[in-house]
Structures are given as C-alpha cells and as structure tokens.
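Next up: some structures, all given as structure tokens.
In the two assemblies presented below, subunit A is common to both, partnered first by subunit B and then by subunit C.
Moving on, here comes the complex of A and B:
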C-alpha cells in the first residue's frame, strides 16, 4: 500500500517528493533532541568563549570586549594557581586510589561465594546517595569532637584527626569521602568487564599450568585494559570538576587548601565575593578548564590505546 | 554446536581418568588447596570489612537520627540509644518545607525522565533506522558534546535560562535537561540490535514510522528504556550545582538544595539533621534496591560510551 501511494504521488512534483522523503522524516525524528542539545550544549560552548573575551557580569547587560585580558590575568592570579594545584593534588590522590580499590574489589565480587549479593549491594549503594547527603553524613562521621571515625581509630590508638577542619587533613578527607561515593560506580564497570572475560581463556591458562596470580596478571588484567582506561579518563574528568562536596563542607578552606577550579569559578561568577562582576574572567577560567579536560582526555586515550589491548 | 559438544566430553573424560596430581597444570584448578584450611572462601576476609566500612556511615546516620541531642554530643559516641526518638522525623519534617522540596524534586525529575524517554527515543529511531542527509555529521556532533561538562558551560547556560525568565522556577531545572546525548546513544545502540524484519513488514502493511516506533520498537525496548529512566532519575534527583545557581527561592528548592540549607541552619541539631538526611536519601535508596539491575546496566552502559 505504501508503495502504491508513493507511485501515485510521484507525479505531482518535486515538493511532495521531498516532504515524504527519508531526509525530511529523519530530520523530523531527530530535530527536537538535536535542537535542545544544540541550544544547551553546543551554543553555550561558543557563547562561553565570547564571554571570556568580555568584562561581563551576570547582573548587568553591559558587557564590553576586553580582548584576551581575562586569559592573561589567569597567569598572574595566585588564587587560580592555588585552585589548579589543589585540583592536581586531589586528582592524583583520588584517581589511583579509587581505581585500584575498585579493581581488587570487583575481582572479589566476581567470585561465586556466599553473601555475594549482600557484598555487591553494600559496595554499590553509595551510587544512589547524593553528593550532598554523602557530605552531610561524612561531616558527622568525621566530626573532630564527637565523630565516629576518631573514636573507632582511637580504639586502635590512631588519631585523633581534625579531618575537614585541619589544613593537612581536609584534602585527604575529601578523597576518602569521594572514594566511598565512587567505588560502586567503578566496581560496576569493572564487574561488567570481568564478566566479558572469556571463561575459556582463564581455563586454558590454568590448564597450561599458570598459577592463579599469573593467570590474573597475564590474562585477566590485560583484558581489563579498556575498562581501566575508561575509568581513568572518567575519574579524571570528574575529579577535575569537584564541586558539591567542597561547597557544602570546606568552602575551599581551611586556608584555601581545598579551593578547586569549579568552586573558584562559581565564587567569581555567582556570588558577591567578587561583586558578581567577574563572570567574564570566570568564563575564561572555565574555558581553560574545558581545554585542559579535553587535552587530558585525548592524551589519556592516546597513551592508553598504545598500551591497552582490545580483544575485538 | 554438535561439533563442539563431543570435544568437551572428551576433555572431561581425560580429566576424570587421569590422576590430577600427575599433571602439573591441573593442581591449581582441581585441588584448590587454598580453600581447604577454611570453612569459607578467603575472599570474605576482603569483602566483609569492605562491606562494613561501606555500610557503617549509613547505619550511623540512621542511629544518630534516633538519638536525643544530648546523646549525639557525647564522646565516646553512643552506638545504641536505649530508646528511639522517632519524633525527630516529624520535627525535622516540619522545621523546614521538606514536603515542598519533595514535591518540587518529584515534578522536575518526572518531567525530565518522561521527556528524555520521548525525545531520545524519537532521535534514536531516526539515527538507527532512517537514512537521511547529514545523519552521521549530526550524530558525531551530538556524541562530541559528551565531552562538554556542565561545569564549564554553566555561565552561558545560566544566561540562556535567564533570558528565558526561568530563574527561580522549576523550569530552569527542566528545560535544559529535556533531552540528553547519553539517552540517544543508549537507545540508538539498542534499536540497532533489534531485528529489522518486523518493522519492514509493518511498513509494507502501511504503518507510519511513528506507529512502528511506538507499537513495535518501544515495546521491544523496555529494558533499555528502564535503564535510561533510572539513570536519568538518579542524575536529576541528585543534581546540585545547576539548581544551586538557578534557584534562590526556598519554595522552589529541590531536595538537595533544601538539605544543604537545612545543614546550614541546623549545624548543631545533629539528630534532626540526620533525620532530614535519612528522609532525603530514602526515595533513591528504595528505588535503587528495587531496580538494582537497571542501575547496574545503566552504569555499565555509561562505561561503554567512552
């Protein structure tokens, strides 16, 4: 029937043919989503760059161009440098810790043993807990006066610690808390990858006389390469963008030790700390952050693809 | 198939008839000496402490939420209060507009989830099944936006939403999130795995493309739709930074904003604060436990997109 209709309408002309063609139908299907994503993802990236060339404020429509002044200012801004240093420290602590822990955990969770469903639920459950709820929870657990952590460590003779209140402790405390929150996510990705490891390969290795450890090292671990690469990239991106926990708990302190880039950008653009007037400068910082994330991602994939073995 | 099965049997008989200890390679597998000295698997030594560490903070929040204020201000901590202060919950509930925040968050989350299901399904069907001019370029650009985190475009996005006069309304939280690339990607990949013959037959019988999508493709895609729904639900329900910059009015707060402001105003009422925290976590935890399979699949798919 559809075929017959098309043959009949073929004659009236070009316009009709175009309107019923796959090209129009295809675009009609994708247009709502493409429009929304263009408006709220692609357009802001362009506008963000324009803003970064302006002396802009979020409350005044008057935004004169200042060329690359905002970018040159970054180089001489000690607070921007501090934010960058903090981001590097946090990333270097968070990424390896969370991934190595998740790797060992997921191998353990891939065994067919009793209580495995309970273990999986326990590790996965923080995925469902928001960053703010996690933060409120850990502020209490890490309370320096009444906290459970100081008491538990005290029973084995460690501590007490100042946790979020101490300049040395704040960053490691953030790392511990966020590892708690991300472990489930990483473990799920590793478990999915482990379940993709062909059983025959592992069996073949042990039939050939490989010990469990060398089977793991020579067979399983290389097959986890793509998942590891992905988690390194993913965790780095999210580590560089740390915000919620810092906003809620430390406000960048103590002594600026946890002031991270997104928090600094937020303060510049959206708070009265800098008189709401630094949106252009904040946009420049955000753009630098975007480029840094992009380069980090590409470099990690480029390096990773030289090391990682893809089975397919 | 039939060629493989006898092979496996043959191997089995070899294993059965040969003394395992004579084969150097077999010992690790067949005997499993490590399992012998314990009545349970040694993996429990790793998993049990980890499980406890993961759960203790959550349990501690619940315990604290049932204590008196005096009990919370005690060192060493009181691990088990003699009597439970259940009325901490109604007290926390009525001290700030928690009910309103629940309603706001529920509205935003349901609209966003529903609109994502519709828009992403439409777009995914277009990308998976229709050949049209510019398709690959459009798909590439969409996927490329996955590299743009909201944090770095938050200032221009804020200005767009401000132009739309949505600041301090739930619209600010809904409109920019009506469709997302992850959903399109997930559904496109899934639609491509469906057998096309059924759809072609329906088309020949005169069904429109929309009808094919809604009557044939979507009913076959329920697992993928459920996965997208729970992941989108999780993101939207727990989002913080975007609501923080667009909502200043307490009556339009989401639960996360509300919990944060509650924390600020009740720093020393730890028991009430923890009761509020438990209430804010509950809906997501229940959903997670009920739909764990879909969450896990959704996260594993997020893994695939990289």
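Moving on, here comes the complex of A and C:
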C-alpha cells in the first residue's frame, strides 16, 4: 500500500519518504545528545588542536600560529620530562597496588560471614567520599609533626616519616591516599566477577582433588580475566590523568616530585607560573597525553586479548 | 498507517526541540540568577568578588562581605541609573583563571577583583578599561592611594586597576608563649638574629611547639615572605630596568641563609608544604610562637593572646615590608564602561574607604584615611593589632616588578627557596642557579 502511494505522488513523495523513514525518526531521537556531544566534546577537541598550533595566552585575543613548534618544544622541556617520569612512577605504583589489594579484599568480601553487607559498605564508602574531604583528612593524617600516621607508627617504633612534606615521601603518600580512595571501586568490580564464577567449576575442581590454591589459580583467576583487564585499563587511564589530589594537597611539590602531566598542563594553561602565553603549549601537551593514553589502552587490549578468557 | 507514522515522528521532533531549548536556555537563566537582586535601574553592572557570603556556612557574619554588600546597596539606593550586582565567584586565588574562562566566552563582568600580580597578564585582555586619563581627574585624588598599590596598578605607564585592598607583612606573635619561654617580645628594632634566637628559644619538640612557620609550597606566598627579607637586607629582585636578576646578591644570600639556619640548622620552623591554612590553625592552637603574616590572619586567631610588631632588619638594612595590593579591574561591556567608572569613583572615595575599613578591618588604601585624626585609634580598638599594620604601610617602599614574566620568575625563585629550606641545596648555589633561569626568561621576552 505504501509503495503505491509513493509512486503516485512523485517528487513530494521523496520528501515525505525521507521525513517518515525510520532513519529520520532515529536521528531526531539522538539529536539532543548529538548536539550536546558536538558542543561539549567535539568542538573543544578541534579547538584544542587549533590552540596547540598557536602561541596563545587564553586572555589575549592575539594568537599567532607557530606550526608544530609547541610539539617540538616538548622534547627539550625538563618540566615536561619530570611530569612524565612522575606519571610513570605513580602509575607503576598505583595500578598494581590497587588491583592486587582489591583482589584480596573482594575474596574476603565473598565469604559468607556475619555482617558481610556492613563490611562491603565500609570498603565502598571511601569511593563515595569527595576528593576534597579525603584530601583534607589525609593532609592531617600524614602531617609529619601532628599526624595520626606518624603517631601510630611511632608507638611501634617506626618513623617518623615526612609523608607529603618530604621530596621522597610525597609520591608514595599520594599513592596510599588514592589507593585508599579507589580500592572500594576495584573491589566491587572483582566481587561481581567472583560471584559470576560458576559453582560447578569450583566444585568439579575440588572433586578432582585440586587444592584450594590450585582451584583459585587454575579456575577462579582465569575467569577474573575480563574484570582484571577492565580494571588495568581503567586504573591506568585514571592514573595518567591524576589531578585532583595533586591540585588539592601537594601543588606538584615538594620540588616538583608530584608534578604530574595534567597538573603541569593546568598550570601552563591557566596560570602564568611557567610563562605567559603557554596555553598553546599546554594544548599540545594535552594532545600528546591523549595519544599516549590511546596507545596504552590499545596495547593493554591487545595483550589482554591474548591472555584473557572471556567464556567459561 | 500514515497517521501512525506521523505520530511517531512528532514525538521525537518535539522531544528534541524541547531538549535543545532547555539546554540552551538553562545556561542563560543560570548566569542571571547568580548576579543578585535587580534594583530596577536601567544600567545593570556585574561585580565579581571573593569575599564570600554575608552569613558564612557556620552562621557567622562575614564582615568583609557585609561591608561590601552594604556599600553596594547604598549606591544602588542612590538612584543614579546604575545598579551594581554582586557576584561571589569563590576564592580570589582563582579569580584570574575564572576571568580567563569568562573572557573566552565573552561573559566577563563589568568589574572584577583581581590580584595585583595578575595586572601585566590582564593588560592584553580585550575590553579592559585603560584608566590612565580618568584617574588624573583632580576630584578622584589618585595620588592619595598608597604608592606601592598605585605602582602595582600601572603596567607600562597605563593604569589598569584601582586598588581594592592593601596588605603588608609584620610579625604576629603569641604573647603567652614568649612569657612561658621567659624571653622578651619582639621590639621595633629587632634584627633577624634576634628573631632567629627567639624562634629557637620558642621551639620545643616535646610539646610539638615551633618558634616560626613558613609556607614552603613554592608559590608566590613563599616568595613574597622572602622578598621582604631580601629588601630588609638591602637587596632587590631584579635590576632597576627589569632586565636581569638581582636576588642572588649578597643581600639575597644573607636573607635565604637566615631561613636556612632556622629551618635546617635550628629546626625551629614549621614548614607548611600544602599551605592551605594549617599554619593559622596551629598558630591559633598555640603550637607556633611567631608568624610573619598580614592583617587578614588576625580574625582567625580568637584563641590566643597575640601581639604585632614590624619586620626585623639586618645590620645596616631597613624594616621594609611588602604589600600585596589587589585591584578592581573594569571592563567596558556594551558601553557600560562609563557607568562602571562612575561607580568606582564613588566606591573608592575616602569616605567609603573609611567606612569599609572600620566595618571589615581592611587597611585603608588611601593615605588620607590613615592620617585622619582619630582613625587609627578607632581602627585598632575595633581590630586589635591592625593599627600597627596600617602604620606599617609607611614601610612599604618597594613593589614587585610589574612585568608579564613576573609569575614565571616567582615560580623559579620559589623552587630555589623551597630547595634550601628543605635542606636540599645551599643558598648561594641555588640562588645563582635560579638567577640564570630568570635571566633566560627575561632575555626570551
């Protein structure tokens, strides 16, 4: 019936056909989202790239193009190198620590014991606490003179440590604080994965005489592969993008030991601490950071696909 | 079937239009509601400030915000055809960043509070009002403003701001801790050796008590504390035409050596790496004997019995202090520039400055107010200790260099100071190293 109608009306029928097709209805449904994404994601991405080719301060409209100078400058910038080294140190400490601890915690939380819901809630609460609150708390806990941490360690004869105040201690302190803050999230992901491990497989293994350890090693752990891959990728990306805690507590110090890429980019773009008119250079660094994260993620997925078992 | 299709189409079409409309309009309604009450005048001005809410989150009256609000309300009630809407934009530490974002969106306010050190950067901002000719109006009495503040407002001969606030540094000390330690309180002719000895005597690790405290986050807060000492020793930050570093002189090394001796040798200094208010809390809790700070801290010291004294000196030097002048910066938006200037003239006239000082505790930005008979007595009575700070404005004879690269120079100096105070470098080498970097910055423009 519809075919007949279209043939009769000719050219206007084309317009109607377009207007009434499912495609148009579909696009109209997603139009608000497309509009918002274009406005808040795609436009800034393009604008950021143009900015990275300019010598620009964000205040002045005078923004001469300098080609790829901003990109070539990165190689000779000791502060950019320092930020990159700090990011590597932080990521290498944060990702394995948080994932291994989360695995242990999730196994503990998977036991059938009294008050298990309370324990699960307790583990997850730090994730829900705002970074500001966590930051202020740790600032005092890790105070080298008045802090709880040094007092507690002092009672068993360890310390005192400088924590955030010492050039050697600031990065480990930051790792402890962020691991504490994100452990609950990782543990919940693992807990969900653990509860997805089919009972029959574990039972079958023990019937076959496998010890608890080898059941865990040979059956449970491989089945946690997808969750581990997710957490490794996710933690790495967030580790490389670390900002809040640094902005709030260490300000990149002492002596630049916690100056991480996003914090350095922020200082370049929005303050003139590293020179006036560095917003273009900051945009170039942000683009390099994006490419690095993209490559890291692709490598992790590629490696992951070789070792992760998706089916049970 | 066709009508059914039409119906299908109408739902998403309406939904998208509504959603986009909501997305577009919510932004504009948000910004207008933020700027406060409409007083029904034809010209509406927006004024950004960082003084907070009149009643703070603890339910206490914030007299800085109250004073500002009262003055603006008074102006709005004068029916001049101009209405000023106050907009609290959060801490002044980020006022420049917020203005940067607003400028990019074309949403800059007509009047904004900014740090004096941001003035060189703001010189290139589109629409910023050049007030050079306007301030010469004899009725405005520009030369009545404190000299250091006028210098900070002037970039390459152009006046780009009107002083909003002026501070200076002096010693604030805990009288009771001095009594307990059995030493006499600071005097007006103290040297830094006296200061160091007192700091050591006030330090008691068993009571977690320090003689002195210093922000070592490497920001301008670190640097300006050092700048004052550098000037007291007879040194300078840059040479007279701002082309070369001068802080690595003997005077500079002497000043930094004092800090090194106290922090590293005597361990009499609480070094605050985060600089987010710990020092004030500890001082108020009686854990620190002396601070070098400004009048803004006095209101956060309700629990101790404190005294104020001018800065120490070096043999043959001065008791120089340093001012941190902040500015009101005007933008000419939609031809409202004249109206903003009209308001600013009234707002920073001597009478309003005096009213603000007595309500908020701000030091007067105009010399005539300080000299007015009876003012200092009334001021110090209402805000104990502030009278000395007002008088100490006379010791503010120098300003930090008003150049675009100042922030960068400050970052470099900050790192050198922190390095020495954390015991990771010696004063001479660190300052020479910093001076080399600064010279490179200055040479590169």
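The rule we apply is simple: the second predicted complex is superposed on the first by the 296 of 312 C-alpha atoms of A that agree within 3 Å, B and C clash if a C-alpha of one lies under 4 Å from a C-alpha of the other, contacts with A are read in each partner's own complex, and residues count from 1 in each chain.
Just so it is clear, a contact is a pair of C-beta atoms (placed from the backbone, for glycine too) under 8 Å apart; a residue touches a chain by one contact, two chains touch by 3 or more.
For clarity, every value in this text was computed on a predicted model and none was experimentally measured.
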item: Partner chain in contact with A:272 - subunit B first, subunit C second, else both or neither; value: second
item: Which of subunit B and subunit C A:36 touches, first, second, both or neither; value: both
item: First, second, both or neither for A:146, with subunit B first and subunit C second; value: both
item: Touching partner for A:128 - first (subunit B), second (subunit C), both, neither; value: first
item: Larger contact residue set on subunit A - subunit B or subunit C; value: B
item: Partner chain(s) touched by A:287 [first = subunit B, second = subunit C, both, neither]; value: first
item: Contacts of A:207 with subunit B and subunit C, given as first, second, both or neither; value: first
item: Contacts of A:250 with subunit B and subunit C, given as first, second, both or neither; value: second
item: Touching partner for A:167 - first (subunit B), second (subunit C), both, neither; value: second
item: Touched partner set for A:113, first subunit B, second subunit C, both or neither; value: first
item: Contacts on subunit A seen with subunit B and repeated with subunit C across the two complexes; value: 1-2, 24-25, 28-29, 32, 36, 58, 136, 139, 145-146, 248, 270
item: In the complex with subunit A, residue positions of subunit B that touch it; value: 24-26, 28-29, 40-41, 43-44, 46-48, 50-58, 60-61, 64, 72-77, 119-120, 122-123, 125-127, 130-135, 138, 141-142, 145, 147-149, 151-160, 162, 176-181, 184, 203-206, 209, 234, 237-238, 240-241, 244-245, 256, 259-260, 263, 270, 273-274, 277, 280-281, 284-285, 287-289, 292, 295-296, 299-300, 302-303, 306
item: List of subunit A residues in touch with subunit C within their complex; value: 1-2, 5, 19-20, 24-25, 28-29, 31-32, 35-36, 57-62, 136, 139, 143, 145-146, 164-167, 170, 248-251, 253-256, 270-276
item: In the complex, subunit C residues that touch subunit A; value: 1-2, 5-6, 8-9, 12-13, 15-16, 19-20, 23, 96-97, 99-101, 103-104, 120-122, 124-126, 208, 216-219, 270-271, 273-276, 278, 282, 287, 404-405, 407-408, 410-411, 415, 418-419, 422, 424, 441
item: Subunit B partner contacts - residues on subunit A that touch it in the complex; value: 1-3, 22-30, 32-34, 36-37, 39-45, 47-48, 51, 58, 104-105, 108-109, 111, 113-115, 118-119, 121-133, 136-141, 145-148, 151, 154, 180, 183, 185, 188-189, 191-193, 203, 206-212, 227, 230-231, 233-234, 237, 241, 243-244, 247-248, 262, 265-266, 269-270, 279, 282-283, 286-287, 289-290, 293-294, 297
